[in-house]
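Structure record follows, encoded as structure tokens.
Naming follows writing order (A, B, C and D), and every chain is counted from residue 1.
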Amino acid sequence: MTKRHVTRRGVLRTSALAGAGLALPTYLRAQESGFTNAPTGDTVTLGFNVPQTGPYADEGADELRAFELAVEHLNGGGDGGMMQTFSEQNLDGSGILGKKVEYVTGDTQTKSDAARASARSMIEKDGAVMISGGSSSGVAIAVQGLCQEAGVIFMSGLTHSNDTTGKDKKANGFRHFFNAYMSAAALGPVLEGLYGTDRKAYHLTADYTWGWSQQESIQSATEALGWETVENVLTPLAQTDFSSYIAPVLQSGADVLVLNHYGGNMVNSLTNAVQFGLREAQANGKDFQIVVPLYSELMARGAGENIAGIPGSQNWDWKIENQLGERYKGTNAFVQSFGKKYGFPPSQAAHTCYAQTLLYADAVTRAGSFNPCAIAEALEDFEFDGLGNGPTLYRAADHQCFKDVVVVRGKENPEDEFDLVEIVEATPVEQVTYEPDHPMFSGGSLGSCNAGA
Amino acid sequence: MGLLDVKDVNKRFGGLQALGDVNLSVAENSVHAIIGPNGAGKSTLLNCLVGKLIPDTGSVMFAGRSVLGRKPYEINQMGISRVFQTPEIFGDLSVFENMMIPLFAKRDGAFRMHAFEGVTQERGLIGEAEKMLDEVDMLDKRELHAGSLSRGDKRRLEMAMCLIQRPKLLLLDEPTAGMARADTNNTIELLKTIKNKRDITMCIIEHDMHVVFSLADRITVLAQGTPLVEDVPENIKGHPKVKEAYLGEAA
Amino acid sequence: MLGLGKKDLGLLAAVAALTLLAPFLLNPFPSDSSLAQFNAGYPDLMQRFVIFGIFAIGFNILFGLTGYLSFGHAAFLGVGSYAAVWMFKLLTMNVIPAIILSVIVAGLFALLIGFISLRRSGIYFAILTLAFAQMSFALAYSVLTPITNGETGLQIALDDPRILGVSATADGSIPVTHLFGLEMRATEILNLGPWQFQFSAGYYLCAAIMLAAFYLSIRIFRSPFGMMLRAVKSNQQRLYYTGLNARPYTLAAFVISGMYAGLAGGLLASMDPLAGAERMQWTASGEVVLMTILGGAGTLIGPVLGAGFIKYFENIFSKLNDNVLHGWFAFLPDGLENAVVAIIHPFVGKGWHLTLGLMFMLVVIFLPGGLVEGGQRIGRLFRRKRGSEERAAQQTPAE
Amino acid sequence: MDALILQTLNGLDKGSAYALIALGLTLIFGTLGVVNFAHGALFMIGAFCAVTLQRILSASYVTIDDSRTDFLGNPMEVETPYVHAWFGESVGAGIIEWSVPLAILFSIPVMLLIGFVMERGLIKHFYKRPHADQILVTFGLAIVLQEIVKYFYGANPIPTPAPDALTGSFDFGVLLGFDPNVIIYPYWRLVYFAFAALVIGAVFSFLQFTTFGMVVRAGMADRETVGLLGINIDKRFTIMFGIAAAVAGLAGVMYAPINSPNYHMGMDFLVLSFVVVVVGGMGSLPGAVLAGFLLGILESFASMTQVINLIPGINQIIIYVVAIVVLLVRPRGLMGRKGVMEE
């Protein structure tokens, strides 16, 4: 077997035939620049890879709206959105480093395979220097791995599993969204306040990595409060009717049901739980309660009135600046420009994608280069504010953002279909911060930054 | 001892006694016909011979070996070929390819891959196939799609496919069913030629008395699952029991 | 030559020429033109074309020849991918051992499933294979996560043992897959005027293997074994009464096509070292069925065409967005431009499934023999009236 | 014991949906010999009939309320359903609330029409084509149908609640002499089960006791002979297809409150309903119903913690394990006729 790695990354070489009029393509993958897809013309291409088909298509569509808005703002269009409130004022609407921002879109289909194929086509065909987006952790981890190998930056979209910045973290990957551990840490005190310390919890958990990661986190957080875990039942991802999992809950002696589900799973399991009368039931002399650790606006809309009163956590909520004040500035600026353009308020998925795009553009500007390694350096241990989440840190050790977590619960009488949750509190960042070597995040390492070419 | 010996065969389907104590002996190199009214159990008997059905009791011996419990393809390998009421051929293959399949089967037994040789490399077998096709007057149709043949040609092809296996016993299940008189006569002539050219035993199940009396050496009359008589054709004609069986059917 | 007839040799040569020149043929538009979106000549998609071509060629050996409709073939592709990635993790990043192992593992898995499923035929067989594949998928996604890494998919990592290689390169990166030192993602770029052509080492490896697989499939089609398989499809009853047991033949065909699927899975993992459970889902099995029927089941080249067709739609149409559409029709007056974009909008981008569904329907309604029949019809337009011997020849499945 | 009763109830309920879908599939296969991969899509369209009716009934006019502001700070646009204005608020709200049961009436003509159009326009041309072609064309149609629904309704599930009187749950255990709170079951699921039983009963009596049904049953057994009798079997088969579509649609309408409808719910049921049909025996109507309930119950049992702890992952694969065992032990399915679809 050979160990010849002469040109480690020297894989993409450009040759031109003599005599052929050499018009430079919009991009070059050349050695001369030292990194993959270095933009040479007056434009730079970003790749937005979101689910456009399958169950998360609406979430993907919302992410895409945010990306388009971000590109518009970067290129000087619109009202500038959060660029106005961003603590770094490097972005002036002239694109990124003076290059006009262009973008390509792709469909992840919420499948690792398809997502990687789509990302590869963006890198190989369209010359994208950064990939962003996505609506599930499996896809995020798969695409993050690809970007690491290809030497481009990955700014993940909605991904909540601990693994994305835990055992599967990568030097080229960055996550703005919060994670399962943070959800649990934020929810813990709130649950204590709402339901006390003497509770017995029954967990239904989606049987894949995110579900386990969420369940493990919330179990340890609630057990720390003194709650007891009666049972944890794994439900198949493809399950649509959860009646046979919900029905035994009341008999089990539990008085809280934790639904570690997301998307369609969560809509269905919650609907079923309410059908079985769990919301009105009594157990152990207390009112029975349901908890959904990770909330999203689209899920809330799908579950309709069933979410009334049910607590959960979010990365961000469009009402937060109005309700909790100046600390979360940027929110209103973003909601205004998004709402004016599209007619309804943005989801947290849209927010994280918008923020990631701005963060990337800003990092490029500060680094003065599109070189992924320079960008990574600019993002590592970067502290910023004004993007709607309050003061935030991009930690160098694992490329995870640390910021306040929003704890919400379903509104009893929503005014319209976008006003489904009310904010309970914003758990301060200190409470949700953990050590990089926390057992739930250990194993795996960032490795070294890869600039490709 | 005949080539084929059926002893005390019984077969029930639920409450229906399809075959009751059937005894039959087919002598080597003879043409033995089995006749009988509809529902007499002719087809059931035939299916017991080829392994499609297993009798409840009794024995079926072919050339001294029992066929019971063997699969149809194993029984075929023992030397019994079958012509069906409606010709069963490989409709998606060419006439020539239809002929090659039994040749491969004979050479290779039940399974041999031969995945990397061309069919056209089998010189010896090709000659054999062409000779057989010639014998049934179908050489000019060798490249035709077998599914597109006329019914009469399909019948010839099926017989050729059976004969090329050089079976010891050829079972024919109403070989002229649904044929026009001219085709029927052609088939009778074909069968006579075949009979004269080679050592072969035939067992024919037939409705058409004309065919039976033109070909058979011996005849068994079956009624309600039981053999009534077995005799040479001359004695079957006008036999009172036979008349009764058929008239009974007519009534 | 090569044991092939003249016609088959011509076909093989044509396919060889097309695959070797694919980087040119698939990039007909200058890279800065607005039609560059339709270019498919980048390594990832070209690799997918030939890899799924292999998958479909193998599937066609089973379905096209014997008529047995397997609805679980993706399981073999998935198993092959897992085997290959484990080889990368444990042994070496060289693709050869990985590909060999993936073919072997998929073959064994096919032997097991085929042995049980082939006890039934028709739709019962289809449902049995479907059930096995769905079981494999469900287990790989959940219970078998220690082996398959579940939802995320099996990836190579910095701490893999890799006995005959390095766990990490000198600068702390994960090593890449290679063929005796030739990195699979090595790509030569040729700029010719405004055109850009990419020559990927991985693609040419896949293409070479695809040609070998295609050649093998021609040989099988034309062999006594292939004839026997067609006889199985045509009339199993007659086959039985001709002294032949169909089971060993169908099982052999099943295993061979399972090995083709494993080969495709191994190659997918070699080009991009990741094996996801979705590869085994019933939709993935359905996809290869569609590729084969769409191209023309039972024909030699059809499945390859079908694979290319579907993968092209998936990868090209899904990437068209309104932005791109506005770019194309910018020359129109504003109102008209918006109207045209609004009409096309539902069919591209997130609507690519709609276009694909319509294509399935149109092809199967108007071209019952698949794309190959479309080709034949066009061919016939050019050479009408050539006598009846031609018609006879068309009835035996040709290309 | 109580747990088993509870899971049996669950199974019967799940089984109702499976049985209804499989019944339609079997009707189509038995009468027309067509493998219809678009049947799941018909179920989905049924559910969206409920969504559509709910939207029609809550069609609103907009008034501007200056006292409140929307999220952008503009005066709030308040939507008032027309039915509120016409019938008063409480009656209007009542009408909207009962949109799912009302959708039963709405869906029958819609589904029959879709069925007729599908059969006359497309399926008719595929009677003589190989099953593979039928699969491809109906699969293509299924994709097209669900993409159309997605285009108009989005990919997110849409809540379609049952009327208030039928939500909530019912203590079934007390009736059987168990302690309170042991066997609690939602009203709507009981309604669903009763409804399914009614539809199944109706289809069977229709086939059993009407001349039309007799001809169709005869046609299922031997199409050619019935054709020879001079009976226009094609027309009847078209109607049969419409009925099968309506059965799938009704299953979908009533399913909408159980799980919020989304555009791909049909695909989720497709594979499963084929497994049900095959386990029951291709072409056997009682078989389809029996297998539907059987698989529903087994699926429920397999999801019990005690069972999962014994065999991890069994809840993921139980349906397929059952299918494999049944097909190997009883090749024709539970109640299938010999020789159907074996070649």
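Odds and ends about this structure:
What we mean here is this: contacts are C-beta pairs under 8 Å (C-beta built on N, C-alpha and C of every residue); 3 or more make two chains touch, one makes a residue touch a chain.
What you are looking at is a predicted structure, and each value in this text was computed from that prediction instead of being measured.
Looking at chain B and chain D, the chains in contact with each of them are C. Per-chain Cα centroids separate chain C from chain D by 34 Å. Averaged C-alpha coordinates give centres for chain A and chain B that are 74 Å from one another.
Per-chain Cα centroids separate chain B from chain C by 46 Å.
Within chain D, the positions touching two or more other chains are listed as 316.
Counting partner chains per residue, chain A has residues 57, 61, 207, 234, 236, 238 touching two or more of them.
With touch defined as above, chain B holds no residue shared between interfaces to two or more other chains. The list of touching chain pairs reads A-C, A-D, B-C, C-D.
The touching residues of chain C, when paired with chain B in their complex, are 3, 5, 219-220, 222-228, 230-231, 233-235, 237-245, 248-249, 252, 256, 392-393, 395-396.
Those residues of chain A whose C-beta lies close enough to touch chain C in the complex are 1-5, 8, 11-17, 20-23, 25-26, 29, 52-53, 57, 60-61, 64, 68, 103-107, 111-114, 116-118, 120-121, 124-125, 136-138, 141-142, 145-146, 148-149, 163, 168, 207-210, 234, 236-238, 444-445, 447-448, 450. Contact residues on chain C toward chain A in their complex (touch as defined above): 31-32, 39, 42-45, 48, 92, 94, 138, 141-142, 145, 149-153, 155, 157-159, 164-166, 168-176, 178, 180-181, 183, 185-194, 196, 198, 272, 274, 276, 278-279, 314-315, 318-319, 321, 323, 349-350, 352-353.
Across the complex, chain D is touched by residues 63, 69, 116, 119-124, 127-128, 130-132, 134-135, 138-139, 141-143, 236, 282, 286, 289-290, 293-294, 297, 346, 351, 353-354, 356-361, 364-365, 368 of chain C. Listing the residues of chain D that touch chain C in their complex gives 35, 122, 125, 129, 131-133, 135-137, 139-144, 146-148, 151, 271, 274-275, 278, 282, 312-313, 316-317, 319-321, 323-324, 327-328, 331, 333, 341-343.
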